[in-house]
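Both complexes below contain chain A, partnered by chain B and then by chain C.
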Partner chain A sequence: MIDWPHWLPLLAVLPLVGGVLTPLLFHRLPNAACFWAASIAALTLAVAVALLVRLLASGGFGYAVGGWLPQYGIELRFDEIGALAVAAGFIALLSLVFSRHYVARAVEPDRAPLYYALVLINLGGLNGFLVTGDLFNLFVFMEIFSVSAYALVAMARAPIAALAALKYLLLGALSSLLVLFSVGVVFAMTGTLNIEDAAVLLDASSAMPAGLALAGLATGFAVKAALFPVHFWLPDAHAAAPAPVSAILSALVVKAGVVGLLRTLELFAGGDDLLQPLLTLIVWLGALGALGGALMALVQRDIKRMLAYSTVANIGYIFIGLGLATASAVSGAMVHSVNHAVMKSALFLAAGAIIHRTGLRNIDDLRGLGRRMPITAFGMAVALIALSGVPPAAGFVGKWQIALGALEAGQPWLVAVLVVAGIVVLAFGVRVINALYFRPPARVPVASAIEVPASMWLPVLLLAVASLALGLAGTPMLAFVGPAVQSVYGTIP
Partner chain B sequence: MNARRRTARILAFALLAALAGPLIHGVLQLPAPGSADAPAHANVTANYVERGAESGGAENLVTGVLLNFRALDTFGEVIVIFTAWLAAAAVAGAVSETGRRAIPVSPVVDYVIRALGPFIAAFALFVIVNGHVLPGGGFQGGVVLGAMLILLSLVLGPAPVAGAFSARHWAWLRATGVLVFAATAVIGLALTGHLFGLPAEPVLRKSLMIVLELGIGIGGGAVLAGLFFAVSGVQRS
Partner chain C sequence: MPELVDIRPLLAVLASLLCAGAVFTVRRSARWRAFWSLAAAGIKFALVWSMLPGILAGRVYAYQFGELLPGVAFGFRVDALGLFFALVSSTLWVLTTIYALAYMRNSHSLHRFFGFFALCISTTVGIAFAENLLTLFVFYELLTVCTYPLIMHNENLEARRAGRKYLVYTLSGGGLILAGMLAVYFMTGTLSLAEAGILDASIPHAWLLAIFVLLIAGFGVKAALMPLHAWLPAAMVAPTPVSALLHAVAVVKAGVFGILRTIYNVFGVDLLRDLGYAHWLAMLAGTVILIASVKALRQTNFKARLAWSTISQLSYIVLAAALLAPLAALAAIMHIANQAFAKITMFFVAGAIERATGKTRVDQLAGIGRQMPWTMASFTLASLSFMGVPLMAGFVTKWYLSLGALQAGSGIFVGVMVLSGLLNASYWLPMVYQAWFRPPADTGANLVPVSPMMVVPILVCAGYVILLGIGANAPAMPFSVAEAAARFAFELKVPLE
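And now, the complex of A and B:
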């Protein structure tokens, strides 16, 4: 059953069709729509796990859609990078379970089925993006998860949400345009859209058209990933969106930008003269993003804005790792992409649970909540500690590897950047934990708050436990992404 | 304020010019369009041109590429179109009971548009079902269909056009493209052993392609009309 070849296209097609059917079957039935969406997400997760088992057993594999040879049709490929689909399925499923009570209040009831449809379509687009081996197909799936993400941000009731979504839409459309243009340039140079094929045919030594394509792809994906200085759409969008959407956006959708950049590097493998300046630039921008994001997070009063800026900081770490281009740094960046996804979705869901129960989002107002909402507060505290990189939690593995890579690459100043950013992250973590546990309540909603229902605290708790457990799984995860590092960068120290 | 706005404009223009320079320079270095040995015409495309009509199953090569060779892309595009409607419906303003009334237009315009309606619809159908031979197909025909519905909504007011079907039926019509495509993908799996595959038997393949084009056309037209209805407030979900 695991070897059934058609699981791979179903990874994307199943949630897409499930999403389109949601408003048709469950018009005005928000609870049934939620149950349906969660079931589809669970099935998708099962498909992703089956693919992962096959990958572990026999290495990467492909699927020829429609039975055409790779260059003539579209080829899907499942490799270690595509295995991020397991994390995507897991986080989407938990966010959907969390949504049942949250969305009942945050979104008008007769629009709730549209919300669930958009979440499923977003998941399908992400999965397709992760596993496609074709440049234009990459663009199509990027449009699917982007368009659904813009709409999901706008669905929050706050008036600011519409503005944030518009900003996200304009920046996102610009980045999509850059990617599409660059795909066109690559096609004009090689006459193929298959990534593996194009990587062979692309004359990466000719500076100009190839450099243009590389610059367009890198800029486009950097906007999607919210790399400094093109991150400025992110804090508004991620803070304004409904909390489960913030979890999906911060955990998964920005990581698609990272994966897009990895696919781009794969395309230009061998063109060292072009790649080297880009990698150096990425290290610098990553360092600025890590420091700036952490500092901006520290001065926020709104808890979701704080978490959003922390995402900018973590994307900074990941890009430092990708830019250093040593085996330990790149594998660290890949592992951190997954670990950050788990930790940040735990945090956004916990913040959502608190906002759902108390209506408060200012950190100082959350004083004393640890006693009133023990499980949610515990989940948030654990995920915050994990995020700050205290060993052996999940945040530690990636940062340690990236620091090792910095030393290997002879850039010890980056270790200082990582340490300073880590201390700042710990500082805002301590600030929240202090408010939750060690201060008396100052606000009435806190004093009368009770724990949220199990469908909300269970996802938080599971993700918080996972952010501890993934730290212990550091070594096998690093070994797992090893082949992907080699296939993207070639043989590197 | 005015001086400031002017400075901002000049800066924006300078930035655009600075960006346009390298873009134009880069594009000029690309292989000349139309030259026979350009990679874009030589590599995969040459094979499409040589054998595409036969193996793709459509005399119009573009249709063969869209529905057969690169069916997954087209499926994705149909999803994007549907998602656009979902997005509009999710964020559009509250539903008004009656919808906006028709803006009075001159009787000549009114008469001409009503009289043209059936012809536009027939042309849309022609474009859709002939997509495998002539330029056109589901997307183009769907746009013609949608344009006709919007034109009629402008003249008659959106409410009577939206009222042609119940909200539920409109919802299924909008999803036609996606659902027909998904069904064809599964039929392809049963017949060829590959998801999104089309059988090699010519009559069966042609019929499946026409059904696909019809689905895309009807779905696209309904989504376009749905976008108009959502914005004008007659119908949401």
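And now, the complex of A and C:
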């Protein structure tokens, strides 16, 4: 059963087909559409878990689409990086469950089925992106999850949503163009679109075209990942989107940019001369992003914008880890991608629950909410503390490993960056916690607020508990991504 | 040294964690809240004391489970130093809980208060029993998180300011410790606290210096080592039991304990003696002792005077540890208990006077000895102990510290001891004099009777101050544990004297 080969394509096909069918089947039935979408997401999660079990048992494996052998046909591969699909399925499922009550208010009622369709299509695009071994497919799936993301941002009722979506779309389209162009260059140089094959054939010594392709791919994926200084689309888009969408965008969609960069590094594994400057650059940009994002988060008043800037900071951490290119730093960055996904989705969903109940999103207005909405507030407090890297919660694993990598790479100043950024993150976390728990209510909606229904608090609570529990699973997770580190970077210290 | 696998260290941490969970869920019933709070303190007390005979017999209890990070286990290991700290804190916790139950009656959000209160003892014992630096750091940071709601308990502007200051200081300190710990791990590949020193002289000196500065400054924040002390006087806005907890037991002692671990288990006395850094730390601590005493002299608020006195007293421990002499080490470890019992007595007294009369200033105490004789008698004993009068706990510290200073060839610190004793006398004696020998300013008719649940802990603590002073060598007293810890640090087989 586990070894059935067709699980792998199903991972992408199931949500894509399910998504396309949603508006057709449930045109006027938003509740049924929600149930349907959540079921599809649950099935997708089950498929991802089955794949993960096989991966743990027997290592990475591939799948030849339509029976055409790799190099000639399209190849899907499931490796440790692709295992992010499990986190994607989990978070998408919880976001969909959360959406049932949320969307009824946040989105025009007749658009609700469309909303669920887009979330599923987004998940399908993400999963396809994670498991494809083909460069052109990488681009296609990227377009699928990007375009659905633009539409999802625009779906919020706030007037700023359309503008934010437009900004997101313009930047996204630019990055897609760069990626497409670079894929073309690689194809012209090697005559193949299979990533493994192209990595062997690519003549990295010819600086000009290969360097151009590398620059194009890296820039394109950096925009998708919101690496400083091409992050400026993110705060608007993530703050304006409906909260469950913000959760998916911040937790998963930006991570696709990280995965894209990892695939790029895999592709250029032979060309050290080209890679070294890039890695140095992303360490610096990551450091600037980590500090800048954390400081910008500190001065935000809108809770969702604050969380969005914190994503910029965490992407900064991850890129520092990838750029340091030591085994501990890279594995730490990979694990932090997952851990951050869990913590940030908990936070966005909790913020969504608060906005759903009170309509308030200014941090100072949330005073006294800890007594009115105890579970939501608890989830938010726990996730904020975890995010700041207080041990033994989930944020600590990545911080420790990346800082250790900085020492190994002979760059101790980065330890200071990580420590300072961590303290700043905690500072804005404390602002929120203070408001929730230690101040009397200042606004009418707070005084009359009650806890959200279970379909909303349960996802928040699950994710908050997971953000504590994942911190204890640091060692197995780091061991798990070990092979992926070796396959992307070769043998590194 | 035989190392036994034993689940008690884990149980000791877990027991009050679970009780804390129960306290959080009890919203209405004050009786059940009291029950679970006392259970948290009592079970822990029993478990910790039950390990005393084994430790005295030279055993070490350990319990490990899994790795927190690759190469760093998450585990507990009870050695003499750790047990000593745990004995002091778990004993005082029982008394503080009883006192707090009476003191906090009629306050708001009590489930939150006592829930976090119970969590604090859990994390403190976790610090004491940590097998390695990372485990210690985990509980150290959790302690910060758990004390924050206690400082913020009053929920007013002053409390928020104090809370913010506390967090900024302690979390920055945590960041320094993290960086230092990373450097230790990077250089040695281990964070174990089971050895008498894991660093060695083959490591580049720039790294050793960086590690020393990072770890001492990081732990120094909670130990209120000047100039990193400013959070401590500010945190006085918290309710009195919390101040007692912060100042006498959990928080500051966690910082001091971290410094002791850094000196004895991370560096080791031999390496530090060769490096010479400890000399500078001793000079700093000596200066802090005197400056903080002078500052205490100038305070008029009762609790503020106590706070500055704490800063001064904590530096006794740092100084004694930094002297790197066996007898001074004994003084350092003993003073964890001596300072804790005497200082907590004073805090309890301050709280009782505030509850009974509403007075919070040191110049309002005229004649209060006649109105509250038992309370003020305890206060007098504690202040005599701080002055270093023989038969009191403080004298034991001063005696061994001075001997240690001579052993280390730094006779100047004997002078510091004398001077500090005089300064202590000059700010405690006037209060004692006022309380006993001045006529009361009012008739005492509007005196609110103080609950016996507050008076009894005061008397017990004061009794302990005498016990520690005259019966330090008695079999059931923690003195022998402290001696075992000092012997381990200096790798001596024979008794110290």
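Methods note: the second predicted complex is superposed on the first by the 493 of 493 C-alpha atoms of A that agree within 3 Å, B and C clash if a C-alpha of one lies under 4 Å from a C-alpha of the other, contacts with A are read in each partner's own complex, and residues count from 1 in each chain.
Following the convention adopted for this analysis, contacts are C-beta pairs under 8 Å (C-beta built on N, C-alpha and C of every residue); 3 or more make two chains touch, one makes a residue touch a chain.
Only a predicted model underlies this, so the values are computations on that prediction, with no experimental measurement involved.
By the document's definition of touching, neither partner reaches A:Ala225: not chain B, not chain C.
Contacts of A:Leu118 after superposition: chain B is touched, whereas chain C is not reached.
After overlaying the two complexes on the shared chain, residue contacts for A:Asp110 are found with chain B alone; chain C is out of touch. When chain A is checked against chain B and against chain C, the one touching more of its residues turns out to be B.
In the superposition on chain A, no contact is made by A:Met306 with either chain B or chain C. In the superposition on chain A, contact is made by A:Val420 with chain C only, not with chain B. When both complexes are overlaid on chain A, the residue A:Ala287 reaches neither chain B nor chain C. In the superposition on chain A, contact of A:Met334 is made with neither chain B nor chain C.
By the touch criterion defined above, A:Pro392 reaches chain C but does not reach chain B. In the superposed model, A:Val432 makes contact with neither chain B nor chain C. The residues of chain A shared by its contacts with chain B and with chain C come to none at all.
Contact residues on chain C toward chain A in their complex (touch as defined above): 66-70, 74, 134, 137-138, 141-142, 145, 148-149, 152, 155, 159-160, 163-164, 167-168, 171-172, 175-176, 178-179, 182-183, 185-186.
Chain contact summary for the complex, chain B toward chain A: residues 22-23, 25-27, 29-31, 38-45, 47-48, 68-73, 75-77, 79-80, 82-84, 86-87, 89-91, 167-168, 171-172, 175, 178-179, 182, 185, 188-189, 192-198, 236-237. Of all residues in chain A, only 328, 385, 390-392, 397, 399-401, 403-404, 407-408, 412, 415-416, 419-420, 422-423, 426-427, 430, 434, 437-440, 472, 474-475, 478-479 touch chain C in the complex they form.
Chain A meets chain B in the complex at residues 6, 9-10, 13, 16-17, 20-21, 23-24, 27, 64-68, 71-74, 110-111, 113-115, 117-118, 121, 124-125, 128, 134, 136-137, 140-141, 143-144, 147-148, 150-151, 154-155, 162, 165, 185, 187-193, 201, 206, 208-209, 211-212, 215.
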